[in-house]
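So, here's a batch of structures to check.
The two complexes that follow have subunit A in common; it is paired with subunit B in the first and with subunit C in the second.
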Partner chain A sequence: MTEPSSSSHQEIFQESPSASPSEDATIAPRMKSKDLPELDEAQPPEYTIMDEFQSLTPLREYQMDEQALLAESIPDRPLIGPLVPLAMLREEYERGSQGFVRQIDWLMSHGHIGIRRTKGDGDCFYRSLAFAYCERIMHAPDAELAVMSAISSIEATPALLEAAGFQPLVFEDFYEMFLSLVRKILAPDENGKVLTPAALLGAFNDPETSNSIVVYLRMLTSAQIRSDPDISNFLLSPETAEFVEPRVFCEHFVEAMGKEADHPQMQALAQALRVHVSVAYLDGHSSGQNGDEVTFVHLDKAVGTVPGAEPVMLLYRPGHYDILDTRSEDPMDYYT
Partner chain B sequence: MDARLRRVNKEIADCKNDKTSHISIDLVDNSPFHLRGSFDGPEGTPYEGGRFEVDIVIPESYPFQPVKMRFLTRVYHPNVSSASGAICLDILKDAWSPVLTLKSTLISLQSLLCSPEPRDPQDAEVAKHYMTSKESFEETARYWTQIYAGGPGKDGKGVVQKGGAKDEIAMAGLNKAHVDQFEALGFDRSKVIDVLRRMNYRGANIANINDDRVVEELLK
Partner chain C sequence: MAVSSRRLQKELAEIQKQGTPVGITLLSADDFQTWLFSVEVLGETVYAGEVFALMFRFDGQYPIQPPAVQFLVDEKYTSPVHPHVYSNGHICASILGNEWSPVLSVVAVCVTIQSMLASCKKKERPPDNDRYVRHAPDNPKKTQFVYHDDTGIS
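And then the complex of A and B:
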């Protein structure tokens, strides 16, 4: 018996080698030269590739996604990759910055042994958060409660968007896409199938579904920022480092695709989705007194979260977000 | 139904239901992905009284990708190519967001007519004209509005009026006395207009251009 989304599992499997360090290393020298002069030369190639992707315009990114959709044979980094051991990331840094290596060791020794890598297209924070959010609901000890609570949080968001001045016609399709995906975690679809972990990964690698959810989260972030004086009174332009009006900030640095998220966006989205988010900051510099500690930023001010729920864990390296995990690979039966 | 089609249909309906903005969107060749939008020139600007038409193409991955727009009606404006109608506006490029719609984008074009950004020009010659003499620029823009966008009292409806007598000197935003002066030296009138326009022979800038340089250009 074949699952409806089996073809996309295939595709993910076939694409995953493109995310391997050896392949990256072969592309890296070509991409490294022109961007980010401030980068430490000793850093591994992987890092610069991601930043190179971020320097592409959103338009170009979507053209690339579209090409990948049309011709599956074109190798491209998946929007969200399979779970891999964090040790793989460590290998990439071994010849580079030892600060990163020590921080990765620290994370592994504290149980964070897996990473799910995301495409460095400027949407990585939103995409990572959305995926980790759905996965966390799926694996919750009481999945039914987690789904119901998520649905009630999501169903409260259109009112927030309308209050912020968004016309329903600009967000309702994206909203439906997001809500129906979360619903499918427990409720069977028309074919009697509930969302499997592999189908979730498949959905997040389908550009239309994935980008619709990213767009919805961007709008939600914008609406939350505009309505929350604790955030909107302290917005700095990432370009000029001067105070900017919430409207300008949201239009330029939140709603536009491909614009990276910073603290205000993260804070706002955690609040709007009623989820706690913890971000491990991997910066290559020791911050703690005992040397190799990794700083976690906890976005845990959200109200209305499920009591005792685990936070969504993300891994930040300058300019990029991935998903951090306490498992180092997907279960054996993941793709079956 | 295809998500793009669903979205575009909603946007077209939204525009039709809005009687206050005077923005219209029509299908070209019965395709919902190739449209023609039009809006009124904003009041209190040289574009007042004109009706401006815009060619709209909805790309494959709309609304993730920006809509493509260019002016069909010729417009004299620093951020619009006077030849092709190409528009320089951030939301049509990297500042695009799926929260924008056909209607809100057309309203943004209308606002662009109110507030030119000559420091980020699409048409460098028009931008220079604007920077040199705003008054002379506005006079030219007003004349273009009358000729191409159907000013008050005319039923042009934004269609180029062929055969109508156009004042080429006014079209180029030049002074008749200046054109006459060089034409009197034996140069072809249209060549004089072309050279003076390119050299931005207007207002205070005239002091920076000596006659010999103009003649040199005319002889090229």
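And then the complex of A and C:
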């Protein structure tokens, strides 16, 4: 990609719509990132003044070119939704891309009949993975073993973060939030209650809990990328498609909220959490191997996973991740 | 206790224990709403002899969302003349907006802003300073700056 459009020095004053756009666009130094004394070349500031304080994560509609995907940007969509039949997603594409319809039919005929939709706020990969990870532990044939194994994996992560240079101060609250949620799957809390599936869904729709877990997974992803040469030697900037330093990549595309995940982030997080992740790629046209309609990307190289454990299943459409399921709705007792 | 107060309490304890980096001094942190630091640039700098005050305002979203950070402008302090600092004290810096990350702390922000001043070669205001200051909201977080390294996001 080229330099951003330097001549479009536009300001949008919601409070005074008559303000005319400035015409000058002289090059001025710009601040880059944390702890960086040097400055990059850049343009003068541009801004929009908001009447209401909005989310810091503008939706990336340029990536959401499929009509149905725009539904993800509805502000009141829950962070993680209820399980619904995949047929509902099919309906949204029936008047649009037949390629998507064909791929959805293929998924349904192969047992993937449910979808749990995640808000399209740029954190959808991390939030989807976290929820599916917890739910998979909860429903494991041997839940006790699954919880113990998850706790031991999670308890190994602060050392990784410290090795990457993160102060405990900045991650420990988020770490404890994540760990305590996983513990509650089996261990009763102070009220003698263990985490029910409904409470898990509730926790992931509580912004403070949900975002804290997303923050921790972002930091963990960053730490893993920085420490793993198999990943850190092959990082491309999503903006320029050129090789970038791990530190720059992590600061710009991993640690900040709302920055979407691509393959390196997925690979790193699967490794750090020791979990297998399978992602079904829905793009409306390409096919997988053996004449399959859908390509699955398997992140299954993670060391130390529980043998035989079911992978976490995600559904990818350009610019967005949801959770894929072999059930089409939450069980009847889910919300009791 | 909310995540934000818990985190700020830890940061404050760390500042009281470890002190602050050279050129940065805690002026006040009486609650978990507003903190004030003095910032000066040491060594060879266009800001020699000048001392500025950085004001942090926190809401319950910190540190998942950034604090509102600006230079204090009152009878005692002024805003540094810098291409990305407006005369009302507002700062255009991506780490205070869409590149904010909870890995940053209050002290890390102070250091970054200090570095931004330290590398300035020529004292000048942003070209649109006057108009921005006329329309600017009280809270700089209500301004959505456009950062030029982020193509496609505005």
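Here is the rule we use: the second predicted complex is superposed on the first by the 256 of 336 C-alpha atoms of A that agree within 3 Å, B and C clash if a C-alpha of one lies under 4 Å from a C-alpha of the other, contacts with A are read in each partner's own complex, and residues count from 1 in each chain.
In this text, a residue touches a chain if its C-beta (ideal position, glycine included) is under 8 Å from a C-beta of that chain, and two chains touch if they have at least 3 such contacts.
Please read all numbers here as calculations on a predicted model, not as lab measurements.
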Which holds for A:Asn191: it touches subunit B only (first), subunit C only (second), both, or neither?
neither
Report the partner of subunit A that touches more of its residues: subunit B or subunit C.
C
Which of the two partners, first being subunit B and second being subunit C, lies in contact with A:Phe166: first, second, both, or neither?
both
Scan A:Glu239 for contacts with subunit B and subunit C and give back first, second, both or neither.
second
Contacts of subunit A common to subunit B and subunit C in the A-superposed view 57-58, 62, 166-167, 169-171, 173-174, 208, 211-212, 215, 218-219, 222, 251-252, 255-258
Given the complex, residues on subunit A that touch subunit B span 57-59, 62-63, 65-66, 166-167, 169-171, 173-174, 207-208, 211-212, 215, 218-219, 222, 251-252, 255-258
Spell out the part of subunit C that touches subunit A in their complex, as residue ranges.
2-3, 6-7, 10-11, 14, 63-66, 83-84, 92-95, 97-105, 108-109, 111-112, 115-116, 118-120, 126-128, 131-132, 135-137, 139, 141-154
Hey, which residues of subunit A end up touching subunit C in the complex?
1, 4, 6, 10-11, 13, 15-16, 19, 22, 24, 26, 28-40, 42-51, 53-54, 56-58, 60, 62, 166-167, 169-171, 173-174, 177, 208, 211-212, 215, 218-219, 222, 239, 251-252, 255-258
In the complex with subunit A, residue positions of subunit B that touch it
3, 6-7, 10-11, 14, 60-61, 63-66, 93-101
